[in-house]
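Here chain A shows up in two complexes: once beside chain B, once beside chain C.
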Partner chain A sequence: MGWTGKILRVNLTEGTIKTEPLRMDWARLYLGQRGLATKYLVEEINPKVDPLGPDNKMIFATGPLTGTAASTGGRYSVITKGALTNAIACSNSGGYFGAELKFAGWDMIIVEGKSPKPVYLTVIDDKCEIHDAGQIWGKSVWDSDEWIKKRHQDPMMHISIIGVAGENQVLYSCIVNDLHRAAGRSGVGAVMGSKNLKAIAVRGTNGVKVKDGMRFLKATREAKKVLQENAVTGAGLPTYGTQVLMNVINEAGAMPTRNHRQVQFEGAHDISAEAMATPRKSDGQKNLLTNQACFGCTIACGRISKIDEKHFSIQNKPQYWHASGGLEYEAAWALGSNTGVNDLEALTMVNFVCNEQGLDPISFGATVSAAMELYDLGLITKETTGGIDLKFGSAEALVKCAELTGKAEGFGKELGLGSLRLCTKYGRPDLSMSVKGQEFPAYDSRGIQGMGLTYATSNRGACHLRSYTVSSEILGIPEKTDPLATDGKPALVKAFQDATAAVDSSGLCVFTTFAWTLNDIAPQVDAACEGDWSPEYLMELGERIWNMERVFNNRAGFTAKDDNLPPRLVSEPAEAGPAKGLVNGLAKMLPEYYQLRGWTADGVPTNETLSRLAL
Partner chain B sequence: MLKALVIDAGKCTGCKQCEMACSYVKEGEFNVAKSRIRVFDFHTEARFVPYTCTQCAEAWCQQACPVNAITTNADGIKIVHENLCVGCKVCTIACPFGTVNYNASTGKVIKCDLCLGSPACADACPTGAITFRDSEQAGFDKMRVWATQAAHGTTTQGPNTPAAKG
Partner chain C sequence: MAGRARPLDTDRIVSDPSTITVTLKLYASLGAFLPAGHARNEATVSVRDGTTIDALLDGHNVPRESRHLVLLNGHFQPPAVRGSVKLKAGDALAVWPPVAGG
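On to the complex of A and B.
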């Protein structure tokens, strides 16, 4: 109930497919998706494994609420050792793929080994097959999606695909499903590419059952009402998407600008949600056409946009002339504010390219930003960039970089390394705005102090989706804390990290937590799944998952030294805005955080902590 | 008063809650493949369209059925009687809209029966894209939009243009 109880194990080296029952004893301890698949991964791989070698595994995992009527119950995650970070990776995606996998009858697919030649998988109910991908290797996500559906005469398939970026093992390449939803971060696409696996296409006609149907419908109905009545999930997100944050974060002085040189962007309004919904001067049309929901989602924050056909970036490029996935806040920031580009149409075009080629727009934008700073400092020149005038604010340069990176052509090959390797190559690793090799998302930790600790301690490298304390520090959810203060932040970060790990393991979307707490989520899990699932138990389960990920990273070679921030954020004070004069107070927060976690001063979980959590 | 499902595709976000509700009521499990209502995704045009049986007054499925397994109730609802259906699928050919379909696991056909008067899809729809209303007034909302525009002298945007979506 909730779970299908079945796993598909595909060995690409041998070309074998096996089925096995889900370990229900582990499901009780780790729930599903992020937690449960990470348990499988840490049991099965050596933490020191080369992420791009055949001994790394990757798991496509659903949660027990995936494919149910719970709002947002359509998520799936890809769990592996990250190509960008060498740390544990778990990249979460919406769209319809996760629910379809569940309807096909599977909780997860474990992919092992490396195929001798490019292949793709089809999973049609209980029939799984490996097919030659020779004809789509080298093709874009969009073309491959179309080709596979035609080849199998099934337009109802939902497909997760790597673009050419994943094939070329761009270190922050992603896995795209349903054309523009993505398991985006940490280079999970490169891992898939290293296995010569182009795509997984699924089609399911089985049902998902729950433990107590009437109680489940009641719990999900009540929870949907909470989402509907909440200002963020009921109005802000459906109307403006995550882009509702652009002006808010800019005013808070926490909008990283030009590779975090500044904390406010003068062009923020030009690339905001409001700009997307206002008719353009050029053709009188709006950039934003509509919102879209992922499977089962009653929030519907997704953006569907259309670029002005006369815009320079898409002239003679008809593949970008139709509507497709538009800018989320993170992409608009990384591609826009962080590069100093305020051309909304160019950012939308680059976002389309990221979906088409399979690039994480956060790490891509942040890497271009770092390269722009290197260029500004004269550490790289037009000779390095192949003639690109890589100035901050240049939409032309940004577009050119996007077109080269997925294909690993020219300077794009260097951009595909990510900011840390790129900046290290040119002698300035300090200019990479990253933790554990993964680039920051869209919140400057001088203006939102808790996010500094969030980034430094995130198990998958810098990330906002591991503990979104922005909720508390800026939006006042569940209660307002001072974004400029460090007091109380270690406990806040820990609580957010543990709760988020539980939410990610359920099959629900973390965006629900703008309105929901575990008190709203636990009754839904409890009505769907065997066993008792209280909010307290889910919190404990989240803490267990967090520590399991931490132990994996420690064994992979990470130490307390890696729980750090780039020097800029802890030594260069913010120049303007509410945080003017402040740096991030990580050193004040980290020891207390370790203590609260039950870890040693070196950031290692103590034996008492591990046994308390049944690890 | 005959009631009908009124579908405003402009309000649909593609969340498929209608399909989940339908399959749960009809099959006892969440299974969109068995839903009587389906949402179609025209993503390059930014449109999502729920579609199901409109309960034709003169129902071709009913007329084509060789064993009279489809009947009309007092509310005008066309109902498939599973005990009579022989799974010949002639009705699936006869229906011009494709809204009667074969269910291989039961060997019978399935179609929307408006949950016999309280359709679960309309109840589950979070955006009001699917409502259950007086069939004689189904078009009034659209008329009102056009009338409003006529009143203000603008006819460049109809209720079905993407820009009018909420």
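On to the complex of A and C.
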């Protein structure tokens, strides 16, 4: 219960669809979504497989609480080998797609092989079909969504789609559902594109059964009360969204600016949550129209924005004149301070383009930033960029790059490689601010030391959502630690990594953990699912998942050398702010982290660790 | 800095050695407690030398329970020290109610 107990297996090479029962013995060990789908993937593919070849598989997976009455219980994840990273990839998305898949009666869809021609999949309750996608191949996410709903005469469908970026195998392309929610990172959209799979459209009319209905309702009601009464999840996130962090992180001196050359951005306020909620000088309207919630969410942190119609970026481009998914902090930082652009309307427009064409705005923004540094150093010129004056701070250049990248036109084709391949091509791989090929998110690890270890050891390449120690180091949740100190960070990172892996396997949103601990989550899982689910067991399960992902990466060819940070962060001290004079102390933290994990000095889980975790 | 509100009594401040100027930054819902005419969520304010963090915030009616994240020149100030840490000329004090993101 919680689980539907059924999975769909779609082989695109053969054009076959099979159903099979969920491995309940694995569900007990890995719960669902991230953990359980990763277990399927590691059992079924060779870790050395080409991520863009037909032998890679991709799994669209829900958790046992997806589609239930639990707050934020609408999440799903895409698990595959990442196109950007060549490592395990797990990209999580909200919206309504995940819940709809459960309502249709499925825990997950495993996609295998490669279709000889573009197709899309429909899952309408227990009826699953492969359709020709010839008419929407080459179309945007938004146009394809509309076309599929019209074609099947069902506006209630929820659809996960790749844009042209995924078709063109831009290495950081994402999969967008419900128009502006995305399984964003590691290039899962490129994997989908490599399989000639344009979209999965689902419609479900069943409910989700739970083990003990009365107990589940009580547990979810109590947990919702915790979210509501907590000042962050009850008021801060719905009102200001994640974007409230812009001024916080800037003030704390951890705002990556101009490809991490600086740690504070003079234009931060112009692109912050406060600016989004202030009437614009140009037309007196606010950029932010309202907030929005994913399925079943009582937090509602999403942003809906509308761009000033007179802004240069959307002249004669009516597709951007309507309200759509606005800036989250990660997009605003990557597109803004990291490129030196403080034009809020331009950033919003580029964010719209990322949703329309299916680009991860973090990796896109960070790749443009790296290209701007190459341009600044004269390593690329206008000749390389096709005439774009790629100066830091140029909103025009940023907009132009966004319009070219998804379509893989001109210099956009090179930007689509991601920062590591781009900087390597021009002789300066050190200028790529990435780990395992994936670009950093919005925290400079000279100013928030724990995030350096988080990035270096993240199984999917640089990522904040694998262990968000910012919560403790800056925001004081669950308790305050010193962001400039390395002491105690290995244990903090490990605890966050394990707990997050459990949350990511449940169907719940990790943002709940600003208010909830596993003590709030375990009773909900326990009331919904067969078996006993204590907070301690969830922590152990998280550790098991972390080690399983690590073993996959080691077998794919990663070693301790890849648990590293770009030279800039460990050798160029921060120039200003609280971290002035500091570099990241990764070398101090990493050996202790390996030890706490029960890994060898080379970062390999010992046999003892593996058998303790039933791996 | 462009847009920053200028203190109304600049001349007096310069001539009064017991008064210092600091930058007060109040974000999210606390922006409402900034002096009129501020821009970009910050204002330059004059205070008597020796004023503590809490005293400055009290003077601007910032509710105590809303002083969640308090950064003095970017460094976190826990509640226990806010009544004793004295502001120095040129300090920047930034305050948020409970917020988070990701």
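The rule is simple: the second predicted complex is superposed on the first by the 615 of 615 C-alpha atoms of A that agree within 3 Å, B and C clash if a C-alpha of one lies under 4 Å from a C-alpha of the other, contacts with A are read in each partner's own complex, and residues count from 1 in each chain.
One rule holds for everything that comes next: contacts are C-beta pairs under 8 Å (C-beta built on N, C-alpha and C of every residue); 3 or more make two chains touch, one makes a residue touch a chain.
All values reported here derive from a predicted model rather than from experimental measurement.
Chain B and chain C, once both complexes are superposed via chain A, fit side by side. By the touch criterion stated above, A:S471 is placed in contact with chain C alone, chain B being left untouched. When the two structures are aligned on the shared chain, A:V226 is found in touch with neither chain B nor chain C. Legend: residue contacts after superposition of the two complexes on their common chain; A:T242 is shown touching chain C, with no touch to chain B. In the superposition on chain A, contact of A:Q292 is made with chain B only, not with chain C.
By the touch criterion stated above, A:V570 is placed in contact with neither chain B nor chain C. In the overlay built on the shared chain, the residue A:A408 is in contact with neither chain B nor chain C. No C-alpha atom of chain B lies closer than 13 Å to one of chain C in the superposed arrangement. Only residues 13-17, 20-21, 23-24, 27-34, 43-48, 124, 126-127, 162-163, 165 of chain B touch chain A when the two sit together in their complex.
Within the complex formed with chain C, the residues of chain A that make contact are 230-233, 235-237, 239-245, 247-248, 251-253, 269, 273-274, 328-330, 464-465, 468, 470-471, 474-477, 480, 482-483, 510-511, 514, 577-578.
Residues 25, 27-29, 31, 40-41, 68-69, 71, 73-76, 78, 92, 94, 96-102 of chain C are the ones that touch chain A when the two sit in their complex.
By the touch rule above, chain A contacts chain B in their complex via residues 67-69, 71, 96, 99, 103, 179-180, 204-210, 213, 217, 224, 228, 238, 285-286, 289-298, 300, 304, 306, 322-324.
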